[in-house]
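Order as written gives the chain letters A, B, C, D, E and F; numbering starts at 1 within each chain.
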Amino acid sequence: MRLTGRGLRCVRGGREVFADLDFDAVAGEAVAVVGANGAGKTSLLRLIAGLLALAGGSIALEGGDSELTLPEQAHYLGHRDALKPSLSVAENLIFWQQFLGGEPADAQSSLAAVGLGHIAHLPAAYLSAGQRRRLSLARLTAVKRPLWLLDEPTSALDAEGQAMFARLMTAHLESGGLLVAATHTPLGIAARELRIGGAA
Amino acid sequence: MRLTGRGLRCVRGGREVFADLDFDAVAGEAVAVVGANGAGKTSLLRLIAGLLALAGGSIALEGGDSELTLPEQAHYLGHRDALKPSLSVAENLIFWQQFLGGEPADAQSSLAAVGLGHIAHLPAAYLSAGQRRRLSLARLTAVKRPLWLLDEPTSALDAEGQAMFARLMTAHLESGGLLVAATHTPLGIAARELRIGGAA
Amino acid sequence: MTLGPYASFIVWSYAVCALVVAILIVWVALDYRKQQAKLRALDAAGVSRRSKRNAAEVS
Amino acid sequence: MTALLAMIRRDIKIALRVGGGALIGVLFFLAVVVLMPFAIGPDLALLQRLGPAVLWLGALLASLLTLDRLFMADHEDGSLDLIAMSRTPLEFACAAKALAHWLAAGLPLVVATPVLGLLLNLDGSASLAIAATLLVGTPALTFTGMIGAALAVTLHRGGLLMAVLVLPLSIPVLIFGVAAAGAAITGPVSFGTPFQILCALSLASMVIGPFAAAASLRQGLD
Amino acid sequence: MTALLAMIRRDIKIALRVGGGALIGVLFFLAVVVLMPFAIGPDLALLQRLGPAVLWLGALLASLLTLDRLFMADHEDGSLDLIAMSRTPLEFACAAKALAHWLAAGLPLVVATPVLGLLLNLDGSASLAIAATLLVGTPALTFTGMIGAALAVTLHRGGLLMAVLVLPLSIPVLIFGVAAAGAAITGPVSFGTPFQILCALSLASMVIGPFAAAASLRQGLD
Amino acid sequence: MTLIDLANPTRFLKLTERLLPWLAGLTALLLAIGLAQSALAPDDYQQGATVKIMFVHVPNAWLSMFVWGIMSLSALGTLVWRHPLADVAAKAAAPIGAAFTFLALVTGSLWGRPMWGTYWEWDARLTSMLILFLMYLGLIALWRAVEDPSRAARAAAIFTLVGAINLPIIKFSVDWWNTLHQPASVLRVGGPALDKSFLIPLLVMAIAFSLLFITLHLAAMRNEILRRRVRALQMLQAAEQQGQLRSGAL
């Protein structure tokens, strides 16, 4: 599997963010998108996820499921964590699992994998910043998708959480997945760097 | 100036988060609050800021302005950045400056100091995550307060932004200020460590 | 005792009062039973005595 | 299908927890009905005549008050991004959300109508007729209101703007709803015709609403 | 003082930008006024009689629709934390927010009333009288509604629950507002008494509202 | 507030355990006496036998206001002293008060039909009572909508205090506006203006209903304390399981 972008151009709010960006990501390899604040890392991820319209260029996923569009094969993990405070931790995860189409059986094990097994019954409103982030990460394992688009995934995680997450990413890559992550801190795994906007 | 907490106990949502916590912070010294996700770092900062009720113990600031309460002498920088998307960058900062009682003259220089001078007129809705964080940081210099309470202040900042922020903190400490920051990554300045909840 | 032309209104007043008061009494009694049953179940599940003291303080 | 059911279940759960349960909807309806005599003045005959209008206005109000957050909440917490990326067509997801909203906010009103009819001095059959018009008519309110809710997300606007967009769309529903209900009470006009039109409006809005809302949401992603 | 002025200025700015400007408020009012004949039926005499009620209901609606986010938005983005920590007493800050809300949402309605009166077949002096009652009465709606908005933050609840709590509190305002307006038109009752009571209600709510809201917000911090 | 001094919930539980049977017995006795007396009371020369409705209408009307007053005091206890028993007292009183208000409204309507020729009239006394009823319902909804009891207690306390403004309006509505409802004839300056043959049964019924309220309130408070104990124990149970899971995982 291979994700390619050619001649990408991004315009937001009438201002050009970047232009003529090319990138490649192959299965089993992590791509770390780096660049200064405001360079366009988040914008690139949202372009790939189909959440922003391309102002130019093209993005293609080769070797994926031909019946599905690119966004349908991707997980997007943004700053906003898509959690409902009034639902419990487990209810939040199970909803996404059912809605995104995973098997309902393994919600509990996904929660345990991110270290939230013991607070599955708490309302999500009670979670700390890192616990919220862990709950979003649980989505990645609860539903299988070949392409992970991650926006600063390690923020708010403690050291143990970062190690846990590095294991998750490694497992995903080893099973032939793709991974594009925007980040300011080291991801904790080997990754090819994609720099946006020069060495700011 | 000296900030002391004695025998602090924190209860949230009916569950005890920590108990019997003591800490000291003296002027010119940074305290880095560390601990696992959910250990209670954010809760501690909110206790100090008066945004949570103490379940036990006491917090006092010695040597401050005796006419003002502790929260009135503190800056609190949380995960939620108190920005209004429909106001421009400059309008956001100037509002907080006027509301919190700073001199209106130096809003522009505060913005320049955090590297946002060139986009002062943009609506805050257009900012990237790091730019939003920078705008919150601008509040710290736009209004003078002796005590800074910072919750993961470096998250979303790029390398240059972290260096800039380290300079801000150093200047604050050198002018006799106090600083308590919860963090998972190194702050970039020398800091005394306050660990909550054992080495999880 | 004769209730005059408006007997039905008087009787209805007293009847509604009796009914509502009865509902209140039944509600309170049933609620009591329910909570007692829950407490017994928790006891049976072996939530320790020490924690019971704490619980009393928390409430 | 699982996906849509999950969506409906989630939205009802949230609506009941955040809004405080279906009872709150009924209570609100009660408050509106009680409010009207104050606004109109204590004239029982007039009240009876205006009864259907009052109940319909209450339903309109309840939907206006709760609809504006229908998509906004999902947009603000990022859920909408994931919904847009999912394998479920956005149109179906929108329809599921609207259905859940109606089940949580519209249905209780319909159920409470016969009771509230008593307060407005309506007799049993009239109350039932009004309940029937509300049953077939309130979905139209929800499904047209949904378009406004989606536009609110696209425009990054809230508050009264949405009401201004939705109100004109709901005028036909209101007209025929009140007409059908009025016909059932006073009876010179036939009940059937406006009632059928009401059904037609509901069906049409159930088709148009999700498409318009989904189209608007797609435009609004950024 | 600078702080309060800054708060008022900011809130008005946001309300106008997000809500789409003062015109939207007027437009909403217009939509409600236009809607009524459809709900009630095209009976001009009845419409004229119900004119004040319709205008007052519109005002109540506009405040219900916009008030529920008064503190919630500030709570969600963290502004409320900073406001609570600031040197400005929370009571004053609450009052400033309510004042800004009234200036942005209430005042335009008052100004538009004489124009809308024409639509409802009211003559000039009656329209002016109604505008006067709205002018002194709508602050009471805002300042009592504020209590509900603050409770919404404390409870982490929204939607109809707030309306259910606020409506009973606003019933007296509505009664005397409509009474005063009705007196001005038909005239058997004197205009003065209900108008004075309306003023008293407004003044009382301006004192009680900010205190209750601030108390509630303090309790709700976490 | 007789109960505020019993600071400790456990002590409170013990005391109610002993007190409740006696209170229930006394209530039943007084209710029986009151009912007998009201049955034997003479007809009014104006109102005929319908005056008998007074013996249930007036106690219910008084209690509906009195209960809100009790809740207001409890609200102060919640906000000022942060006493958990005050929360419990306020929460337990709300449904009972709502029931009394409902009864006052219903008996008043049933009395109004023969006396005024209508069940309902939008006058000041009746309207303010209806608002009281709506506020009771809103309060109950508020309590039920929030799981965290102390959070709900503080919000409910503020709402209760704001709503207390309605009490003087109900009481004096008959004096401030000319209404259908008759002005105060018992609780008024210058002593009661009611004939002894009506006054005595009325007072007996009033005392009986007050006792009924106290009994029900104590019982409901006991239930509420138990409910909180159950909740706390459930949370401890969850915490214990968490501890086991933690030690298992590490």
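Methods note: a contact is a pair of C-beta atoms (placed from the backbone, for glycine too) under 8 Å apart; a residue touches a chain by one contact, two chains touch by 3 or more.
This structure is a prediction, so every number in the text was calculated from the model and none was measured.
**Q** Hey, what chains does chain C share as contacts with chain E?
**A** F
**Q** With touch defined as above, tell me whether chain D and chain E contact each other through largely the same residue numbers, more than half shared, or through different ones.
**A** same
**Q** Across the interfaces D-F and A-D, which one involves more C-beta pairs in contact?
**A** A-D
**Q** For chain B and chain C, let me know how many angstrom lie between their CA-based centres, rounded off.
**A** Inter-chain centre distance comes to 51 Å.
**Q** How big is the gap, in whole Å, between where the Cα atoms of chain A centre and where those of chain E centre?
**A** 45
**Q** Please report how many Å separate the Cα centroid of chain C from that of chain D, as a whole number.
**A** Those two chain centres are 37 Å apart.
**Q** Compute the distance, rounded to whole Å, between the mean C-alpha positions of chain D and chain E.
**A** Between these chains, centre-to-centre, one finds 24 Å.
**Q** Which chain D residues reach two or more other chains?
**A** 18-20, 24, 27, 31, 34, 38, 41, 76, 156
**Q** Can you pull out the residues of chain A that are in contact with at least two other chains?
**A** Residues 12, 79, 86, 115 of chain A each touch two or more of the other chains.
**Q** Could you check chain C for residues that touch two or more other chains and list them?
**A** Those would be 58.
**Q** What residues on chain D touch chain E, complex-wise?
**A** 15, 18-20, 24-25, 27-28, 31-32, 34-35, 38-41, 50, 53, 56-57, 61-62, 64-66, 68-69, 76, 105, 156-161, 163-164, 167-168, 171, 174-175, 178, 182
**Q** In the complex of these two chains, what residues of chain F are touching chain D?
**A** 118, 121-123, 127, 130, 134, 137-138, 141-142, 144-145
**Q** Could you pull out which chain B residues touch chain E in their complex?
**A** Residues 12, 46, 49-52, 68, 71-72, 74, 76, 78-84, 86-87, 91, 95-96, 98-101.
**Q** In their complex, what parts of chain E are in touch with chain B?
**A** Result: residues 2-3, 5-7, 9-10, 13-14, 17-18, 76-79, 81-88, 221-222 of chain E touch chain B.
**Q** Please name which positions on chain F make contact with chain E in the complex.
**A** 79, 127, 131, 134-135, 137-138, 141-142, 145-146, 151-152, 154-155, 158-159, 161-163, 165, 169
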